[in-house]
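Right, I'll just put the structure down here and ask away after.
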Amino acid sequence: MAKKFMYLNRKAPYGTVYALESLEVVLIGAAFDQDVSLAFVGDGVYQLTKGQKTDDIGQKNFSPTYSALGDYDVNKIYVEKESLEERGLSLDDLQHLVWEDEDEDWAEKDSIRLVSRAELADVLAEQDITLSF
Amino acid sequence: MAKKFMYLNRKAPYGTVYALESLEVVLIGAAFDQDVSLAFVGDGVYQLTKGQKTDDIGQKNFSPTYSALGDYDVNKIYVEKESLEERGLSLDDLQHLVWEDEDEDWAEKDSIRLVSRAELADVLAEQDITLSF
Amino acid sequence: MKFSIQVNEGPYQHQASDTAYQFTKAALAAGHEIFRVFFYHDGVNNATRLAVPPQDDRNVSAQWSELAKENDLDMVVCIAAAQRRGIMDADEAKRQGLDADNIADGFRISGLGQLIEAGIESDRLLVFGA
Amino acid sequence: MKFSIQVNEGPYQHQASDTAYQFTKAALAAGHEIFRVFFYHDGVNNATRLAVPPQDDRNVSAQWSELAKENDLDMVVCIAAAQRRGIMDADEAKRQGLDADNIADGFRISGLGQLIEAGIESDRLLVFGA
Amino acid sequence: MATLHTVNKSPFESATFETCLGLAKSGSTVLLIEDGVYAATTGNSAADAISNAEGINFAVLGPDAKARGVESKLADGIKVVDYTGFVELAAEHDTVQAWL
Amino acid sequence: MATLHTVNKSPFESATFETCLGLAKSGSTVLLIEDGVYAATTGNSAADAISNAEGINFAVLGPDAKARGVESKLADGIKVVDYTGFVELAAEHDTVQAWL
């Protein structure tokens, strides 16, 4: 039976390596046929901002990888509403992440689920394994 | 001419190595005959708590070293009053650090200077070199 | 019960590796099984054999090696994280054309799949980091 | 103007070493002098020559080595911090009875006095860390 | 499912403790370890947050509190455990979530 | 003496930015770098703290803001510098203090 895996992302990108190395685990983990979710809480929401351009800091821009997650069947991406609001952000500031639903003739669907803190608490409480980054 | 060196300590002991490795710099630096001050701000005030016993976490207890600073002529130790209060601490929770004043027949004097945030801001603004830990 | 442990920080800089070590030791003492200890991020830096800390301090890497030896622990170092940070075993060093390696006894280098497998196979996965 | 730089974090885990590198490069380009770059805490981990990061990412250690070579930089690794964490040059490895060393070109191992001296001799000391 | 949450950051320097309290469900346990143990001391804003967190159990890792010299300042009603007790808490709960 | 303060932590996760503002004197400059650049964005509590900090100059490291996709959200009146501008600020002020 598949386990529920949660990748909990709470750190901003580039200032530390956690966001990048979290993505590396998610991509490898996608091959294991488990029930995968990602959550972005606190500064973790900054990982998904549009328009990241890293040339001037000499680091690799890994933000395009988030849009490839749908192809890996990673399509439950929870973003905490309060975290966005506290930072003066809205969903429009984030990348538009989608996946194609095989069961509905490959209809394109949104991957990001904007949830309240209370809703996210329920989601987190259902997980078997939480990997924290 | 001697420069004013400030060692600014803002982190709790044992959770990270900064407190220990800051002390190591202070001890080496004492040999250089500069005008040395230490400041403890935020969680840095926890470095000076009495009664640290580290046997059960398997780390070395380096807190006795603070009481030796006076022997190295390091006797300007600023503790921010507001940082103590926010943590529910008072001066009584900290080690009693002293030094002996050669110019006054080796009279024992307090090394810790309890200062307000505004007073500490003035002290920090006078420094030539601030090493941050 | 079957535990797995993930260590995300290197020795000394953060207490994470110390706490993970104490937890692992206590779990073994209580008769639990440790399925795997997985070192990720700067956690890979625990796997060096070149550390020589002061005599009056603990040797974090050596503690792990010893615990592994006594309990036949499976200690896995993430290869991608290790390559970024310069933790190498003899095979990998040779493959990369390097003139030295630095891995300590009891650690093996492998892929991130080993972490996912640990999550699947264990009753509990505990993460220690910063 | 004469600058010195202190680097307190290792490569990749934190951006501190990247920022310190960019600052140092910009200061040199502007015609300033770099008196010394001092690596402390996990900063000593920048001094490894065994890192092999992915091809599409920067090699933080190699960047420092190259910058040092081009500009004759004095890059000092704190001996006490390096011994705790397993950064060794050939002499020190031999003295400690170790079978390998891992220091990269352009770095030298020395004492904390070198940091104090950098503070005394430079017009500005900048600290990069976490 | 009952979750064991671990918090290893000081509540005075990091938002981690607050984030954990915002997402921990009633019936779960928050174990304060490493620099997180300061949240278990009295006379500060963290102590207030703990008294207001209804339905959540709090525990503190004794060895970490002792190392930091705050063992005598721990708030009443917070369970003190050693590493063996930490292992027991991990086994008793259905899952463990680290707030790093 | 005029001090250049550098802050590299997010104001939403760490107390560092607040601590810096509490101890920075009028006439000094706070340069936001790395994850500190989020404090220079609009519509949040950090923006309010900046408007209320009288007599302190604020600057932000452009390359870090650009990398994080927040360049277009920077508040008015905050000077944007590149690494060369960072070096200039360090040279223009009497001393540099890092808030880590």
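A, B, C, D, E and F are the chain letters, set down in written order, and residue numbers restart from 1 in every chain.
Throughout what follows, a residue touches a chain if its C-beta (ideal position, glycine included) is under 8 Å from a C-beta of that chain, and two chains touch if they have at least 3 such contacts.
All figures in this text were calculated on a predicted structure; none of them were measured in a lab.
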Touching chain C and also chain E, the following chains: A, B
Chains touching both chain C and chain D, listed by label: A, B
Longest centre-to-centre distance from chain E, chain (CA-based): D
Chain at maximum distance from chain A, centres defined as averaged CA atoms: B
Pair of chains joined by more contacts [C-beta pairs], D-F or B-E: B-E
Centroid spacing, where centroids are CA-atom means, of chain B and chain F in whole angstrom: 27
Whole-Å separation of chain centres (CA-atom averages), chain B against chain C: 35
Contacts with two or more other chains, residues of chain B listed in rising order: 10, 14-17, 42, 57, 59, 128-130, 132
Residues of chain D touching at least two other chains: 12-13, 15, 19, 22, 41, 57, 80, 125, 127, 129-130
Touching two or more other chains - residue numbers and ranges from chain E: 8, 12-13, 15-16, 34-35, 63, 82, 95-96, 98, 100
Listing of all chain pairs that touch each other, if any do: A-C, A-D, A-E, A-F, B-C, B-D, B-E, B-F, C-D, C-E, D-F, E-F
In the complex, chain D residues that touch chain C: 10-13, 41-42, 45, 48-54, 57, 61, 80, 83-88, 93, 96, 98, 100-102
Complex contacts: residues of chain F adjacent to chain E: 12-16
Residues of chain B touching chain D in the complex: 3, 5, 17-18, 21, 24-25, 28-29, 31-32, 34, 128-132
Chain B-facing residues of chain F, complex: 1, 3, 15-16, 19, 22-25, 28, 95-100
In the complex, chain E residues that touch chain B: 8, 10, 12-13, 34-35, 38, 41-45, 47, 62-64, 66-73, 82
